[in-house]
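Next, two complexes with chain A in common: one pairs it with chain B, the other with chain C.
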Partner chain A sequence: MIRHVRVLLAAHMRDERRAGEVGLVIIPFGVVALLVIPMAVGIDTPLLDRIGPGLFWTVLVLFGVVVTQRQSATVGDARRDVLTLLGVDPAARFAAAALAATILLVVFAAAIALVTVVLYDPAIAGAAWLALLVPLACAGIAMVGTIAVAVAGGLGSRSSLAPLLAVPIAVPILLAAAQATEGLRAGAGILRWILLLAVVDVVLALAGVLTARPLEES
Partner chain B sequence: MIKPLDIAAGSVLFTALVLGLLVPPDAVQGDLQRIMYVHVPSAWLAYLSFGLTLVFGVAYLRTRRIRWDHLAGASAEVGVVFTGLALVTGSIWGKPVWGVWWTWDARLVLTAVMFFVYLGYLALRRAFEDPEVRARRAAVYGIVAVAQIPLVHFSVVWWRGLHQPPTVLRPGDPQIDGPLLAALLAAVFAFTVVYAALVSRRAEVGRLEDRAATRPADGAVAGDGISAPPIVGGGR
Partner chain C sequence: MSLPVVSLEGVAVRRPGALVLRQVTLHLDPGESLGVFGANGSGKTTLLRVLATLLRPVAGAGTVLGARLGTTEVEVVRPRIGLVGHEPALAPHLTLAENLHLIADLAGIARARADAALVDVGLAGAVDRRVVHCSNGMRRRAEFARIVMRPPDLLLLDEAHLGLDPEAARLVAHVIAGVTARGGAAVVVSHERERVAALISRSVRVHDGVVTGEAA
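Moving on to the complex of A and B:
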């Protein structure tokens, strides 16, 4: 199974490299969102410093779902049939799709974090904790989005339905990540938020693996 | 046709309503507190119905009997109605007590999020025509969505906010006077029976909808008699 995951992950990354959807479309779109928000809330430097980290997480969750929905993540009927005939476990397909989305989300998070620092100049504390927090949050968003895309697969309304299915479920991830960042800024302990993120990730991974087979049935 | 469960639901609801109006008012909030006899059972039903949506979904995935899917859909639909009722009654109570219709309290926000999660569940169900595909996809989403319930319940413990911590379902003794507790429990029981009656009816409607959708048309369909005029002469 691990070999299948590795091969499928490489295929996902190759598809994305060819399409360039995250790098050329979704990252610039996220940057535009970070640019537009100060115009709506007012150009107040202390306020922007305070809300900067929260906006970072909000943009990560909202645009993260778009990353999981990218065109290169769509597995057509023909490819799915071939993978089924080759005996590839649907759980391996879920794991590969979620892993690919996680990697792309970490790249997306790094890009918008840089822009957030430049535009909002927030006080950063606990860089080592943030290095743990971001991949944990990205993995959670990736799994929620992958499940939502699979659940809404084959529908004409997929592009509008999948975000409605994914974003509310991703709210615990947003809450835990934002609270942890606030905790770091205030010098408080953030272990329980890290724990909440880890629990959410494990629950989502189990749900994704266990429900992969019924979702693949036709 | 009226079922015995419908009569039972109507009777216990009437009894709970009378009890809720007869018990003495709260020492601090006065009559305003009586809205809790609707708000708390509605919130309880939200948990119950979404929890049972998960149970029915898992039962469908294990047995592949479509009646479990009808029950899951019915339970989610009734749950969304009661979650909406809990939000509205909470807001009506909040205006005179907190001074605002809405506040950014963790319990309120997460309950609203749960409402939208299950609106998404219902939107997903409506998007599929094939009952089997709908049942499978909805069951999977119902499994993932249920994680909202513990989050909503424990939000008052994990985050400091305006919403009071659990009064009845808390470690130790309930922090509520005897007659008020009796009225509250009667309301919870009555709402639960109403839930059972509504789910039973809605699941039956779901079954009939599926049967109507999959049954071949047995009569003339409007437009059958219209045919395109023959094209003569061909193109140039």
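Moving on to the complex of A and C:
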């Protein structure tokens, strides 16, 4: 199974490098979303400083769900059938898709973090924690999105329904990540939020692996 | 006497709202190539997906390559089934060689066999071409390279002759002959009997989810 995950993950990443869907479309669009908000609220530096981190996480969740949906476009029913006949476990496919989405989300997060710092200039103490916080949140969003794709696929409406399924489930991740960032701004400890996100990730990983086959067969 | 490659008895398949296959009884012996004909929406592709063990019957019983449908036994025989559907199963932004290498890596076989298969199907000059830049015919040939690379015991073709030039059509005939000569079996689904008549040893017709017997 690990070999299958590794091979499929490499194929996902190569496919994305060639297609450039995240790099050329979703990242610029996420940057634009962060750019237009200061235009809408005006150059109110204290306000932008206050809302910047929250907007960062909101954009990450909303656009992150879109990143996870790209796999449903690239892995069609015919390819899924071939993988099934090759004996590739649906859990391996879930793991590879979720890992690929996590990597792409971390890249997306790095790009919009840079824009957030430049435009919103948020004062965050202990920013090193972000190196732990962001990947944990990205992994959670990636797994929620990947599970949503599988659920929506079973309902026969993969592309349209999956974001609607994923975003509400991703809200707790958004809240935990935003609270952790607020904690950093206030100079408070955020270990409990980190642990909460880690537990959520473990639960989502187990849910994704255990439901992969039943969802496929449904 | 050898076991049948396929044996279905009274199989039914339900899709949301309706039975799309009803009381299907079908046997396929080693060395046979079966044509499955019928109008669009008659249930041909659903029947093929049952034979591929990708759909679980809601009624009846059956075996494919000795594995009972609807049980975990099918997981063992799935790698012995080759399926070419009417939609390409290729990653669009990977090259033809990368697609075949991906299959080889997942199947645990040498990439050299993938390279050789691409040569066998006449794609030697296009191995580094991305699928999005390939014609439909080239994509079809690549699908058959997947089959040539890893010859199945049960070959399932769904409108597989679409978009093929005469040379590629001969390749399909060669692939089917190879499978049946080794004691396997092939099922060729089509709504155009004339196109595949030369590829099959007998045929059935599907009408409104019912296999009505030998086609006229």
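Note that the second predicted complex is superposed on the first by the 206 of 218 C-alpha atoms of A that agree within 3 Å, B and C clash if a C-alpha of one lies under 4 Å from a C-alpha of the other, contacts with A are read in each partner's own complex, and residues count from 1 in each chain.
Please note the rule applied: contacts are C-beta pairs under 8 Å (C-beta built on N, C-alpha and C of every residue); 3 or more make two chains touch, one makes a residue touch a chain.
Keep in mind the model is a prediction, meaning the values are calculated, not measured.
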Chain B versus chain C as contact partner of A:D81, first or second or both or neither: second
Which of chain B and chain C A:L132 touches, first, second, both or neither: neither
Which of chain B and chain C A:A207 touches, first, second, both or neither: first
Contacts of A:E217 with chain B and chain C, given as first, second, both or neither: both
Partner chain in contact with A:A198 - chain B first, chain C second, else both or neither: neither
Which superposed partner A:I169 touches (first chain B, second chain C, both, neither): first
On chain A, the residue positions that both chain B and chain C contact, one per complex: 217
For the chain C and chain A complex, residues of the former touching the latter: 16, 49, 52, 54, 56, 75, 78-79, 81-83, 85, 87-94, 98, 102-103, 105-108, 130, 146
Residue ranges of chain B in contact with chain A within the complex: 61, 106, 110, 113-114, 116-117, 119-121, 123-124, 127-128, 136-137, 139-141, 143-145, 147-148, 151
Touching residues on chain A, where the partner in the complex is chain B: 144, 147-148, 150-152, 155, 157, 161, 164-165, 168-169, 171-172, 175, 200, 203-204, 207, 211, 214-215, 217
Contacting residues of chain A [partner chain C, same complex]: 3-4, 7-8, 11, 14-15, 18-19, 74, 76-79, 81-88, 156, 217
